[in-house]
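One structure below.
Per-chain numbering from 1; labels A, B, C and D assigned in written order.
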Amino acid sequence: MLKIANQTFQSRLLLGTGTFPSVEIQREAVKASETDILTFAVSQMNVDNDDDDLVSQLNPDSFSLLPNTAGAKTAEEAVRIAKLARASGLSDMVKVEVIGDDQTLLPDAVETVRATEMLLEDDFIALPYIADDPVLARKLEEMGAHAVMPGAAPIGTGRGILNPLHLSYIVEQANVPVIVDAGIGAPSHAALAMEMGADAVLLNRAVSQANDPVKMAEAMKLAIRAGRLSYEAGRIPEKRFAKASSPQDGIPFHG
Amino acid sequence: MLKIANQTFQSRLLLGTGTFPSVEIQREAVKASETDILTFAVSQMNVDNDDDDLVSQLNPDSFSLLPNTAGAKTAEEAVRIAKLARASGLSDMVKVEVIGDDQTLLPDAVETVRATEMLLEDDFIALPYIADDPVLARKLEEMGAHAVMPGAAPIGTGRGILNPLHLSYIVEQANVPVIVDAGIGAPSHAALAMEMGADAVLLNRAVSQANDPVKMAEAMKLAIRAGRLSYEAGRIPEKRFAKASSPQDGIPFHG
Amino acid sequence: MLKIANQTFQSRLLLGTGTFPSVEIQREAVKASETDILTFAVSQMNVDNDDDDLVSQLNPDSFSLLPNTAGAKTAEEAVRIAKLARASGLSDMVKVEVIGDDQTLLPDAVETVRATEMLLEDDFIALPYIADDPVLARKLEEMGAHAVMPGAAPIGTGRGILNPLHLSYIVEQANVPVIVDAGIGAPSHAALAMEMGADAVLLNRAVSQANDPVKMAEAMKLAIRAGRLSYEAGRIPEKRFAKASSPQDGIPFHG
Amino acid sequence: MLKIANQTFQSRLLLGTGTFPSVEIQREAVKASETDILTFAVSQMNVDNDDDDLVSQLNPDSFSLLPNTAGAKTAEEAVRIAKLARASGLSDMVKVEVIGDDQTLLPDAVETVRATEMLLEDDFIALPYIADDPVLARKLEEMGAHAVMPGAAPIGTGRGILNPLHLSYIVEQANVPVIVDAGIGAPSHAALAMEMGADAVLLNRAVSQANDPVKMAEAMKLAIRAGRLSYEAGRIPEKRFAKASSPQDGIPFHG
């Protein structure tokens, strides 16, 4: 079970809600993913009462909502967006996203630290999105962040875990959940994150922009379970030289 | 559905039976894997009638057996072993394994071609195990091999797919099933093989030598399904520059 | 020519002076490297007048000195160390190194930004050492940093460029020199950094801890030249499919 | 010194002569590379007496010629081409190249073995071009091949060493020179091959198709020397955790 602050979740897949080809496909993909946590940009919220939207048709007991502060370029903007989300009654949990570059969409470390500090002071449950910087991850945890969300690769690149060494440092040192966020493109990427000991994976475009988002949502669900099981099961080490899998030792197959 | 020669199989996971810590764990892992095809070294067969063995307790309708010719260093030895397996009534399907080096356990291309030729002439269903050599794979297919089994990495190294480019060549050109064999260490490796379009994955040590083989068998089952679903769903391409997953375009999330 | 602030340098190799097996080997390696810039930890400076040291025997016109603030864990400590170096008349150029973790020796982004700000205000020529964070690199450049020094990998790991994508972002956006620092283990790593467009490479342990530091210093000198020449020469692109290097087109070889 | 059969060579760079933009650039690149061995496709030889060609202007004492059998798809064709080259007085040394696929240009292992066998029987000095198959490399060496030429990647792809593990097996087991051939795109690739212990590198397109072939020829010359020096100097091992290059131990820098 994934535990963030005081809440527990069955699923270790967090699903972003943007860029699906249609509301119907979005809904089906959410179902197929069996996610417990839906993320979305507050800046994209429809403030009108729209009966045909996703949230109004969801069972509110089934999902937690994780608004993010996408669009913010400074700590102050992020705080303003987070407060807007809380005021609208959606959630006091927030993904702290302060983008520092319009092309790579990589986060701004300094502003993210400042925003997280302010949000924690204001009793938010703050989950900062960061690059794969172990020092920054620890600093945020020490400040009281409720999880850290290192990117695997820049948002939307679909390249998987660019720097497994840095991610492994983050996972090993963390006492709060590590949610791998951004850059996942395929189930093998999500499985690897979980095998390394990440607590959860946040996906959006890898699902929403797949040719068949619903099928990909199911694929990701299975991959994340597979990776977690592998972490628990203890995989074999990598070796330089082979040993036969057709054994001279071990338990023979009795034909 | 995986189709080899005239047979069809639900599962795309082939499981080797060697080196499990106990017969009980072997049995549980086989169950958890939901495999349809069990592989084993003919040289390890127990010719005695042993009521406590795996096969005698299996429902013979539930599994196909794929004996391999492990131990053979020449084509002639491989053929002799295959005939032994067929004579004992186990199977006329055989994994052609002719090892060319005791340390790396890599296959001998020349002897494998010769062995496959002889076995096909003798009406075996022949599945040759090879390195990731696209020219060799095609040659074997043109000779009539019923599948090709390229290694991801040397047997027992657990390193995953060392040369994705060569494997992708093999998968794209093949008109017979491509079964990725050897070197898989983790679910992410198995998922990647399937994402790339492989038809199936053969595992042994990655399961049997995991700390918890039964849990790992389940992990691998899920990862292989995830990879296949991804292949069908069509993953997003890798990009150099990010696009926001918190969209300005696409279907917004209506809060 | 490498240009930092107002100074120009023939060599694109910066050499650290720590951890050599002997002063003699250090001296020979410096010579073999043909470096123009020697770096060292101010905290390791010998304040006694030691006639047998390296610097006193060097032609002071031949080398620039780049003291670093190793040992600092806060901006204030880094500033204090830098001032000490300047006061001793060594250099007003400083590598801003604020380590955030004793095990990985990775830098602290927030403290590095603060230290750089203070040092620039105090008219230092400031070259901050950072992780491979493009947003941080740009922020430091915009503050007035005279170069940025992204790590290839954590100090002393010898793993080479862990995240070429991030490094390529940094190189492409930079208007100040990019000096790749830390984690280089082999000439191929140094060559790759230069091929990608880095302006220089800082080495220490890859040379000082090699079995033969003098020979490795020469190897690194050549590799850095090779990489720079390649950058200027324009390498061939990577392709998915081969084209014959034994041409049907192009200029034939007239035998 | 590189030693093939009874000949020794100063340079560890073999240069292919195809696909240069002009004869002049070809000549300059040959000079800049300081190569001792020029390779070319016999099928591209100009049998006319052409005074303006490369060979007629070369000092015949300065270069060895290594004709290759490009164009051959069977052992018999390769033998025929090799005999043509020898008959024309060029060389009794031959690169055995039997391509098995027109798209990837990967070699045919079975035909290459047959061709090498026939050529050795006919007293050629035979250097077979192969994929990175350690079992095949040893088999050819045991047959009497005078060197083995494993590809780094498919011809013309410029991707560098796709499978360092397999190449390291080949290098470690070999008692004849290992000449890495095909797929090199950049100096860092060539340096890596040499660092791993390869005896030489054969280049063509990486030089001839660079924007500036002459400058790239020089870059490759330096990179190959750098890699060889590194192999001799003994590089530092890769580590998981950093140790400071600003030492507490070791020889301090006396300021």
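Keep in mind that, in the parts below, contacts are C-beta pairs under 8 Å (C-beta built on N, C-alpha and C of every residue); 3 or more make two chains touch, one makes a residue touch a chain.
The shown structure was predicted, so the numbers you read here are calculated from the model rather than taken from an experiment.
If you take chain C and chain D together, no chain is in touch with both.
Ranking all chains by how far their C-alpha centres lie from the centre of chain A, first place goes to D.
With centres defined as mean CA coordinates, chain D is found 47 Å away from chain A.
Rounded to whole angstrom units, the spacing between the C-alpha centres of chain A and chain C is 35. Within chain A, residues 104, 106, 154, 157, 159, 165, 240 each touch two or more of the remaining chains.
Chains that are in contact with each other form these pairs: A-B, A-C, B-D, C-D.
Interface of chain C with chain D (complex): residues 16-23, 26, 38, 40-47, 50, 52-56, 65, 67-68, 70-71, 88, 90, 97, 103-106, 154-159, 182, 185-189, 191-192, 195, 204-206, 208-213, 215-216, 218-223, 225-227, 229-230, 232-247, 249-255. Across the interface of their complex, chain B is touched by residues 100-101, 104, 106-110, 113, 131-136, 138-139, 153-154, 157, 159, 162-163, 165-166, 169 of chain D.
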